[in-house]
Structures are given as structure tokens and as C-alpha cells.
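For reference, chains read A, B, C, D, E, F, G and H in written order, and residue numbers begin at 1 within each chain.
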């Protein structure tokens, strides 16, 4: 059966495509899933249900619609990759990591060296820490083919 | 029996004391728990086991020692309060929120209005969002006494 | 140790007091818990967090605050009594029954004979169906003392 | 793999067909499941086992047979839609919602605006509230295709 | 997907075949599973591992080998049918019923009317009680096709 | 804290008293629990709710009331002792054993040598098989004091 | 569907091939999975992430990468075979057995007679103890085909 | 409430006493539990049930009696310390570590530096690795008092 990998976190660079291309090149049988990565669409995920004037409730409504997708995908995944980029708070990525930790779902992190310290609790629950998408692909190759 | 509340997140202001004082003033039977809030002690939690030269492994070792304390306390808690302050990334706070969400452990968030948007996934899983410690105390009072 | 009984549902008659008095008279060691039964206070449970203009979000906010109390109590209970009165929809009572069923938490129902048919799925998951508070007390007495 | 959606609740209007048609038109890969929606057949689900004279036990027997079908389908579902119509008590719909809540199974509600208040606990546990079947279809489209 | 039904209990009559034939005739998409029903083979299930002299340990060894098969099948089943015949103690059938009850796995019983009383706890946890294999088939037909 | 032992099964001999006396003599800190052992009271456990004419439903109603007591006690127990006597079918005892097995709750059996073979599946899931109440007491003594 | 068997433990003899060949010869529909059995590759599983100087952290890093593979495979398995050879400590094999025991995942052991005593706790949680790969194959044949 | 620590593994040195004394000296509120550490008593744990001639079954019987004690204690523990000494295989210690890992129960290991490599999978799942009992005590002190 295919191996399922959910790609959580940063949506402003093409790291998901890099991993997908690397896995394809390595001939790995992986189904990659992800949250909706179109920022505006994601913010508006609940607007068709009526758009609350208050910013908090609009965000609340959209986030709960997004969670239908993301929690199902996380629970189906055999492995989750959590990406922290250089910009933005990305608390949702840390939230997903905590969610995985509580479910004993294996996850690996992908972030640069300069944010090791603030991510130490997130990394402590991870199976591996990668700094490049090549390392993620190599990890997947090892797990599936070695 | 007493109600257990774990106070997660920011360690640079005295919000935990404010909640404790408010709960005492209201006569609530609550046991408050928290991570080690001495920043230096927390960073050095694993140093007595031998201090790795590499920063990553030192953080790793300390975080896993801290997790013995924090995960036990989160699992014992009836409610978790997750605080996001104005400074620092506080990914550990978001991690704790995700951990609670996966366990179906109720949690409430405490943060100012200007970070509603980046916290929308974290707030979407919460039972309530407070902006002041008074609101946290009032929520506790309602839950326990009303 | 004491036996915990959560009394769910209708808040417009004094059925909870009747059961409490009956259990006291029978000398049973039971801790009874309940949702906040002051209707106005319950509807306003979240108003201290800022009252949304829209009725839906005000109800949403208050219900989530109430759930901190009710879900904790249901999970602590050894038995849940779910009361359906003659008035109102009481979908929250049926919701609590479904919640118990999924958790394999034993519950009994308390309702008159004329609503047997619409409650058949709720009763099918219950350990017993009572029509009077005396029957509830007698059931408790049997479970604890016989 | 296909996405499974269980359609719970009201059986007197054709809302299930509307959602099915909308999902087909949108090209969504969804398997819809439902309880037996023929009211008389459902009430008689257990009659082939011998029909108890007493109304309570006939209902009890049939409901337990129906539950073989409904609980299996709810547990297989990735998402549950819970419909509350204008007529009837529909406590079984609220029961299913509570069942989902306890299993952390995502569900959305479908009901008109005039019953927001009595459904507030049910809506508080839902990922979204829809008033039309078009909104349900749009939510499904977003979750699966956006 | 197919519906899985595990047929537990009595191995001295051909009730399994009757149900299989009835389900085939009704065109139901069901995969039936069962323990090893050859009595001598079942008793000797562990003999290839060395046959203990003592009767207790021989039975112990064989039962644990059989459990590899039966527990896996019970856990994969959507429904379990538990048959109590007229002869033998069949404690293993009651054991399987209790196992299902604890897992919230739906099961139905199949036994004649004269053993209602000693089976009352087993029947109390079942979704239905049948006296004939035709009733079992009709129940399956209803659950899958009605 | 005290050790909880639930004594399941046969109700026609005084084996429960023997174990209780033996444990007292050995100074063991054990709380023993048990089902209602007055046969007539147990059969009538649900009669105060209205006595169904049909034997099956009367038994059904009483068994479900009894289960409020027994399942709570089994789940609270650290160890369950399941007794099979010389008379009666005692399918409820085997049911309790299966229930424990599925919950990974340790249980030991107590029965004479001549029913080893029909009880082989029940014994295969047990932590120990005793033939005398003295052996049960000695096992408890070892577990708690050695 | 296929039966999944994870082959845990010793990596210095060809016992996995023997079982595979025996199962093929017997025509069994089994998917066998295993850890990475190339010793050097396994020790280096995390080296592509940067090789820590300290031996402990290199082993730590590689073991956590290996665990992505092994825990997923153990959780997917219907049965685990745990092999203890004549050399090496093989604590990882005993670790896998304990992991299975806690998950109620059936496992069988494969080891020679002279290490019965030190393996007694591991064997006590197993469904069977084999001394030869032929016995393992015969057990699989019985479970799947008898 | 007190913190529960289960001390698993080696029984031939007085490491348990050292930890107990250290914790007492530090004024920590800890309840320490352990398996039966009298080697001969442990091997004979099941002999009062009849001593099987065959060594395998005697060990089997005793191990299952011991497991009543050890599994209950592990499940009650907030933290498990797993000790690997210089002698013996101590597969039971590795088994306990795997058992903890699957339950997400935090554990720490205690062993000398020369067995890092064969214990790498066991250490990978641990929260900390200690080489001295002083380090264990310091870890406990930090977790409970810092």
C-alpha cells in the first residue's frame, strides 16, 4: 500500500513541490497531502456560510472548516512533515506538531538552524530534524526503500 | 475534588500569579500547575546528564526532561490555559494547544487582539479566547461555581 | 469511593432536587453534578469575553464555555441520568446521551411514556428508562446497596 | 481513496438527494451513507425477530437493529452531516452529533436560523453550520478540491 | 467495501453454511470469517510446537495459537454473530461476546428460547437475538440493503 | 492505595467469603467488589421500572440495570477473579472474562480440573488458573506483599 | 485481504528468508515486512542529517529515523514474529515485543531452548514460542488456512 | 498528589535503594514501586498453582503471575526508570521499555556508557539516559521541584 505523508506548515515557498519532485525522482510510492495552500482561499474557507463582521469569528469559522480537511489528512498520514519558514508565526505548524505528538503519529521538522532554540520542544517530539528538502526526501527514501 | 488547571506558555510576565491571586480571591478550589518558568533552569534541564557541545542536542536533551513534567501535568489537568505574549515565538505554547486538541482536553487561550489572525487554528480548537487574566478567572469562576 | 452521577437535561422542573433528596433519604454515597441550571446565566456564560452581536456567535461562545464544565463532569461520572421534559427541544440532552454512548459511559433516561417513540434511539443506548424520579432513586439504590 | 460522508437526521425531505446531486455535479469523489430512510421499514427493523406487544420494547428492538447499520457507518465516515428539519423532535440527530463529538469525528449541522438557540450545544461541537444544502456541497467541494 | 461478519461459537451443526447460503441468495456483499471449525485440528493447533504432557498446558498452547486467528478476525469484523447450541458449555462463545462488548463491536446472538435466562447478560449487550439462521440473514439483509 | 479485586461468576457457594477471609487473615489491603449475589434480587433488578410480560424483555431489562454496577466495578478493578462452579452455565462469567481480555484487564480463573477443556479459551487469556480459594489468596498475597 | 507479518529482531542469519520461502511454498497470502536489515545502513540511518560526533547522539538520531519505519510496520501488522539469536543483546527485539504487548498486538517468539529462562517475561506475553522457522511457517499456515 | 515512579530491571545491585535514599534526602514526595526483586521468589511466583515439570511452562506460569503486579504498577506510574546492569540479558527491562513506549508512558534509562549501542532503540524512546543513580535523583528533583 502507498505511504501517506502530510506536509504541514509554511505556505509561501515551494518546499512541498521540491519534496514531491524528489520523491518522484526516487521512485517512491507516496501520496502527499496538504492543507489548502492558497492563503486567501484558506482565510475565506467559511465565508460561504455567511461572513461574520467581527474578525475573530470570521477566522474562527474558516479555521473550523479547514480543520475538516487537515485533521482527517493528519490522521490518515503515516508521517507528517512540519515546515517552519523564516517569516510569519506559524503557530498552526507547531499546533499540528503537538497534535501529532499526542496521537503518537511520527513527524519530522524542516527548518533552518537559526530557530533551533525556540523550536526545541517541537523538535524534541519529532523523529528527525531536517534543514533541506533533500534531507526530507533522503529520509523518506530510507524509510521506504533501504 | 479539586479542579486542575495547567498554565502553559509565556514565562516573561506574571500572568500566572494574576490568575492564581484572582482564583484565591474568588475562593475557587483549584490546583494550578505549570512548566518550570525559570528560563535558564529550563534550558539547562538536562545538563546534569552531560552537556552536549552541539546546541541542538543540548536543547533536545533538556526539552525531553522538561516533557516528563509538562506532559504529565497536561494529562492530569481538567483545563489548560495557553498564553501567547507579545514577544518570542512561543511555538511550545502552540504545541501544547495541539497536544490538548488531540487528547480532547479542553483549553482556553489568552492573548491580545492583534494576534488573532496568526492564532486562528489554535483558537479554533479552544473552548474560549480571553484577552485578560480577569477573563480567565471569571471563566474559571463560572465553570466551578455558577 | 463515592459514586458520581451527572444529571443532564431539562432545567425547568426540580427533578434534580427530587433525586438528591431521595438518594439522601436512602443513605446513598453519591456526588451529584449538573450543568449550570440558571437559564439566563447559562445563555450568558461567555458574555464576559465580549458579547458578539450575532445571536449564533453569542450562543456559540457561551456553549463552548459551558462545555468546559459539562464534558468534564460527564467524563468523571459513573452514571449519567438524561432527563427529557414536556417542553422545549432539549437537543442538548440527546447530545449528552450520544456522547455517553460513544464513550461507553452508562446512562439512564427519565421521560414520560408519550415520547417513547421519538426517543427510541436514545433509549436503545441507555441502561434503563425511568418515568419517575423515584424509579431513578430505586435504580441507584439497587446499583449501590443491593 | 474516496471520502465518506454520513448523512444523519431528518428523513422527510429530499435533502440527501440534493447534496448527492450537488456533489456529483461538482465531480467530488464521495461515498454517501445514510440510515434507512423509509420510516415504516425503520420502525419495523426488528419485527422479524418477533414483535413485542409493548411499544417500548418494539421500538427498543428495532432501534438496536438500526444501530448495527448507523454506528458502523458513522465510524467509517470522514465527515457527518446532521440535519434538523422543521418538524419532529429529531433527538436521534442530536444523539448522533453527541456520538461524533465524543469520537472526535468531525460533523457539520444543517438547519434553519430559527432553531439556532435550542441547537447551540450541538452547533458548538460542529465544524460548521449550514442553512442550505448548497452550503454543504460548497463545504465539501472546498474540503476536497480547493 | 464488503461487510465483514465473524461467526463465533458452536461448531457441531452447519449454521454457518445456512447463513452463508442465505446471504448469497440475497445477493449480499459479505465476507464471512470463522474460527477453525474442525474440532480435532483446533484442539491440536499448538501441537507442532511440542505437545505438553499436561492437559492444561496443551489446551493453553493451542488456545493461544487459535487466538491469533480469532482475535484478528473479530477486530476486522463489522458484526459478530455468536451461536449457542444445545450441547456443550460454549464458554468460548460467551467469551467472544464479552470481548465484543468491551470493544463496542456490535454482535447478535443466535440461540433457542430455552436458554434465554442463563444468557441474559450476553443478550443484554447484543444488538439483536435470533432463534433461526433465517432471522440472522434477514437482519443482515436489512442492515445492508433496506 | 488499595488494590481493587472484582469477584465475578458463581453465586451459589461462599467462595467470595473464603477469599475475603483469607485476604483479611493475610493483612492485605484489598477492596473486594462483586455483582449482586442474591439471585432473586438480581433477576428482579429492573422490575421497579415495570415488569415486561415476556421473559426475554424482563431478563433484558434486569441485566442492563445489573450492568451499571458490574461494568463500573470491572473497570475500577485492578484484578478480576472469575469463578466457574459445578452447576449452571455461567455464561456471564465467561462474558466478564472476555470483557476483561479486550480491556487488557488482568483476570484469573477459579475452577476445578474437570472443566479445563471447555474453559481453554477463557484460561488462555487469564494470568493464572486456580483450583482453590487458598490459591487465589496466595496469588493476591504474592502480588501485593512479596 | 492479505495478512501482514512483521519480522522483528536478529539480522545476522537468514531466518526471514526461510520463513518467506516456507510461506510461499505453502501458498499463503502474506505480506512480510521488516526493519532495515543492513546493519551498517541502519546504524547510519540519520547520518544524512548531519553526523553528531558523540556516539550516543548519532545512535539516537539513527534510531529515531529507523522508528519511523518500524513502528508504522508494527502497527500495520496482524502478527509480529520476534527472533532472538545466539549472539548480541537484541534488546530492540524485546523492546518490540513489549511494544506489541501494550498494543494487544499478537506476537510469537522464535528462539532456542537455552534462553527460555531470560526470555520468560517476553514469552509470557506471546501467543506462541517457536524454535524453528518451520514451526513459524506451520503456525502461519494454521492461522490462515486450517 | 504523590508522583509514582516504577523501578524496572536489574535486581542484583541496590540501585533501587540508592534512588529511594536520594529522593528521601531531597524531600521528594514520590511513591516508588518495583517488581518482586527476590530472584527465587519471582521464579517461583506460580509454583503454588502446581509446578509444571517442563521448564518453559513453569517460567510461563510464574511470569504471568508476576505480570499482574508489574503491569498494574507500570500503568499507575507517572514515570518508569529502566535499569540495565552489567550482567544478564535483562530482556524483561527492554520489554518494559517497549511497553511504556507504546503507552506513551515516559521512561528514562539507567545504564553505563559501554552499552549505548545495543540499547539505542530503547534509549531513542526514552526521555533521558542516566549513568548514575544520582542523575536519576537529580532528574526527579528537577521534574518535581524546580
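In the analysis below, a contact is a pair of C-beta atoms (placed from the backbone, for glycine too) under 8 Å apart; a residue touches a chain by one contact, two chains touch by 3 or more.
Note that the structure is a prediction, hence the values are computed from the model and not measured.
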Topological distance between subunit C and subunit F, in contact steps: 1
Furthest chain, CA centroid comparison against subunit H: D
Chain separated most widely from subunit A, comparing mean CA positions: F
Pair with more cross-chain C-beta pairs in contact, given E-G and C-D: C-D
Interface residue overlap between copies subunit D and subunit E, same or different (over half shared): different
CA centroid of subunit B to CA centroid of subunit C, Å: 31
Cα-centroid distance, subunit G relative to subunit H, in whole angstrom: 23
Centre-of-Cα separation between subunit F and subunit B, whole angstrom: 44
Contacts with 2+ other chains: residues of subunit B: 64, 67, 129
Subunit E-touching residues of subunit H, taken from the complex the two chains share: 52-54, 57
Subunit G-facing residues of subunit E, complex: 36, 38, 41, 45-46, 48-49, 61, 64-65, 67-69, 71-72
For the subunit C and subunit F complex, residues of the former touching the latter: 78-79, 106, 108, 126-130, 135, 138-139, 142-144, 146
Of subunit F, residues touching subunit E in the complex: 55-56, 59-60, 62-64, 66-67, 84, 88-103, 115-125, 129
